[in-house]
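Here you go, one structure.
Naming follows writing order (A, B, C and D), and every chain is counted from residue 1.
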Amino acid sequence: MNLEVFLGKSRFRNPLVLASGTFGYGLTYTDVIDRVGAFVTKGITVQERVGNPPPRIWDTKETVVNSVGLENVGLKRFKEEILPEIDISTPLYVNLAGVTIDDFRILIEGLRDEEKVEGFELNLSCPNVKEGGAALGQSADRVRKVASLARSLTTKSIWVKLTSNFCDVRETAAAAADAGADAVVIVNTLNALIIDLANRKPFLGGGSGGLSGPAIKPHVLYMVHQVSKQVDIPVIASGGAGCGTDVVEYLLAGASLVQIGSINLVDPQASLRILKGLEGWLKREGIVCVSELIGRLEGI
Amino acid sequence: MKKYQATLLENRLLGPEIYSLWVKITDLGEVKPGQFFEFATDTRFLRRAFSLSDRDGDRLRFVVKVVGSGTRWLAGLSAGSKLDLLGPLGEGTRMPSSGPVMLLAGGVGAAPLLYLARKLNEQRVEVDALLAAGTKEELILAEEFGSLCREVILATDDGSCGHKGYLTDILPTLPGTKDIQSFYACGPEAMFVALKRLNFRKPVYAFLESRMGCGTGLCMGCAVRGRDGRYRRVCTDGPVFDLEEIEL
Amino acid sequence: MNLEVFLGKSRFRNPLVLASGTFGYGLTYTDVIDRVGAFVTKGITVQERVGNPPPRIWDTKETVVNSVGLENVGLKRFKEEILPEIDISTPLYVNLAGVTIDDFRILIEGLRDEEKVEGFELNLSCPNVKEGGAALGQSADRVRKVASLARSLTTKSIWVKLTSNFCDVRETAAAAADAGADAVVIVNTLNALIIDLANRKPFLGGGSGGLSGPAIKPHVLYMVHQVSKQVDIPVIASGGAGCGTDVVEYLLAGASLVQIGSINLVDPQASLRILKGLEGWLKREGIVCVSELIGRLEGI
Amino acid sequence: MKKYQATLLENRLLGPEIYSLWVKITDLGEVKPGQFFEFATDTRFLRRAFSLSDRDGDRLRFVVKVVGSGTRWLAGLSAGSKLDLLGPLGEGTRMPSSGPVMLLAGGVGAAPLLYLARKLNEQRVEVDALLAAGTKEELILAEEFGSLCREVILATDDGSCGHKGYLTDILPTLPGTKDIQSFYACGPEAMFVALKRLNFRKPVYAFLESRMGCGTGLCMGCAVRGRDGRYRRVCTDGPVFDLEEIEL
């Protein structure tokens, strides 16, 4: 059975990707990392960030809302303290979280010569303070600018992780493709507000948060399908995947890779279970190459 | 850390909305006091954390206070039910090199301290316990502490059992605290704040809680702020911290 | 205790509204209708529509995906057969589902003289075939056009029910407000795709569907809060409300009325339970006027 | 239609993945054959529909085949559990003015027909039953039908019990069907399609299923296409339809 997926020149041993923010920096559970197709770090910002005050997490049966607030060590410490410690056999993607376009320049210039780094995932969902709180990813123009800049700075892989909040993700995806991105990631968490009724204020320390988990899968599946029809570059799905058949569904809908996110919080070995489920399904269906499934949804 | 299929052996009401669960896990190695397990529930996506409260070979005891739907679900399980557990998690607490030490329990905070008392006992470190709770009914595990401690002092907010008053009101009035080498405290946040104000010359180790995402250090969900302004992860940096090190 | 809410000149006996498509035409369970603030009919189109082939419904613990496909009797039969039979004491809003702008003209002209009709809810989520499958509600320009036209045709209340799919609902809401709408409804269902893996095709007969239910509440709550800060007209919330405190949360976030949707499918008397829950909460909190709560979320 | 808090009296395995549930509801009025109840489950947002299969005063019988998480949950309940039910729902079936009638059951389709058999029996209408299933083990309720019917004919696809073959293969070969005034059928869609092709001169009433939203006529979720191209609601227009009236 062949689980390999190729995105342009890049090879992935299987279509599973550990999603940013749900598997740390890649220093722990490396036995799991070594079994998936790719690993994406927690979002790295130019300056170290302490993140949001607690509480940072809220959940129901089928959703998680997080408001970690991009707590991370910042570019310098990531390079000096973390990167040397990372010891994995799986392609390492660094999630770059910039607030301004220039942040992305600094981040990429800082990391583009690191051999260990296979590519970058541009996280365009941080609110841009200058432009009035809108994230860079909410305008096709700004997405094009950031992606073009990134393309001009490095030959490493560039994934653009988009937001669907308050924008048309089909347009921003097209802009990323135009600008030369290697793939788009559909999609970051949905904006969410949890209210602490007793105090009539937001429950999460950061005010609002991002909704993820199994409940959003049907919505993200729809978006992945639409975007993959719209753009010529590969689409990477991210939203609620929790078992082998979820991965198959995303592949059929047009994704080339599928990120595993919130479920890692329930079990750091979830990916191994998902992989097993995927292999079992392929075997039962007599499918030899997983990549045959990509975009093969019928009747729509 | 491993994933276990555990069997619930006994689920018993211990106090108002407080349950004692004995579960059976085979093939479990050493567990340090302060370490915890993450329980999957039927009502929530994320697991719920519970400290090991006692252990007898492959029988583990947990004490669960009902505060929401996850704990409500656990409280409703009957013997024979299967449980999906992840653990042991966290660093646990450093063991003291010498005694005597004192355990300070507020309400259900007694749970993890009981297991610590047992371990201290095994290591022949002398240990006292001050158990406080709102009412007599909420004072739990006193007998178990009694069999492991040099002295057990009880206190209730309403005076229905033992001293009357908050734990942090009683503590300074106790004669025997002078020779205590270190304190281990677990209780509500307000108790830690008051403890900090008491300003002991001896270390106070605080068993903290926080809303957790993963419990395994992956998500940065379980933040507690350190004195340096940076957040610590309760799950992998703790859940036990030197009270001096953290900001409340 | 005063549960009344006023939207401009319109009075509602309480903030609960039975959401379109989840309570039929208002011919059954009228005892429930008579206890809520307003009732909205199933979407009415110019021509009768048979709707989508089954299956039309799919669910998880916290979500529903529906693909009814606007099965309805059409304008003519609605006027001649349904409207005369409706016998309720609660303001009746007719949900108008147009594909083209002209559809809305026909629908409003057809119903504006009906005394029984208190107002219209313009459902701008139907894919516009002419403009390439995009719904009218996905562009601020088209929303302005439809809302302006509606405003010019009638003095009855006009609610504009918006979509958050592939657009910035803050912009479309502002356009509706500009055009003179009496309120915006935030928000219609999220696009969703369910896959029938065995056949590698969409599970729902209509291809794709709309996601609703408790899981989307945090996301819709966020949008309601953002839109209510953005526009000067009242906001009506729609998304996952299932108990009295959900209604309170929506009011605090800035909604003036709260629609009750999917939960009606679980129990046609759900609104009565929700109303009781709301009253109980108000009593415990010592709040005399429910309208005092609107927009009173602190600290964000 | 009312909401009921019912108590599960008995839950018993009837066949492979098929369970017989007896529940107790007080204050329930008349229920017509073909009417159903909507059960709340712990695993799904929407209720799940089950036809009344038998009744003895305030004790109601349901037969549940496990096909997904909702039915799995129901199958796992033990006696004493509380159930949240809405019903009775649907129009139910028209009762025939004269007999004999014949009941045609495919698999778990036997469930609603049993209650119809009881009602026909009460009204002294003569009734035969042809019960078909995949295997002997899947043939359910044969004894109960036996006590209510003039004749019960059994058939299995694999011949492990009774005639060998599909219900619609056996039916034309039976000698006694000439004087049957009407047929009542419940089974998988393929069975209805085949029945339609047999082209009886007598009415065939089909007990349909469909994925339901509300079960109360509010959502148009439960569509079945009529011969006129328009959809019927299985919940309030049915769930029993003249086979002639619908398109399959």
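To be clear about the criterion, a contact is a pair of C-beta atoms (placed from the backbone, for glycine too) under 8 Å apart; a residue touches a chain by one contact, two chains touch by 3 or more.
Nothing here was measured: the structure is a model prediction, and the numbers come from that model.
Enquirer: I'd like the Å distance between the centres of chain A and chain C, where a centre is the mean of that chain's Cα atoms.
Expert: That pair's centroid distance is 33 Å.
Enquirer: Can you give the whole-Å distance between the Cα centres of chain A and chain D?
Expert: 48
Enquirer: Return the distance between the CA-based centres of chain B and chain D, expressed in whole Å.
Expert: Whole-Å distance between the two chain centres: 55.
Enquirer: Report, in whole Å, the distance between the mean C-alpha point of chain C and the mean C-alpha point of chain D.
Expert: 37
Enquirer: Using the touch rule from the top of the page, what residues of chain D touch 2 or more other chains?
Expert: 42, in rising order.
Enquirer: By residue number and range, which residues of chain A touch two or more other chains?
Expert: In chain A, the residues touching two or more other chains are 58, 60-63, 214.
Enquirer: Among line, ring, star, complete and other, which one matches the pattern of chain touches?
Expert: Topology of the interface graph: linear, an open chain of contacts.
Enquirer: Name the touching chain pairs, please: which are they?
Expert: A-B, A-C, C-D
Enquirer: Enumerate the contact residues on chain A facing chain B in the complex.
Expert: 21-24, 28-29, 42, 50-64, 66, 68, 71, 213-214, 262, 264-269
Enquirer: Hey, which residues of chain B end up touching chain A in the complex?
Expert: Answer in residue numbers: 1, 3, 40, 42-47, 86, 210-214, 216-225, 229-231.
Enquirer: For a test of understanding, state which residues of chain C touch chain A in their complex under the given definition.
Expert: The touching residues are 58, 60-63, 65, 138, 164, 166-170, 190-195, 197, 199-202, 207-209, 211, 214-216, 218-219, 221-223, 225-226, 245, 248-249, 252-253, 296-300.
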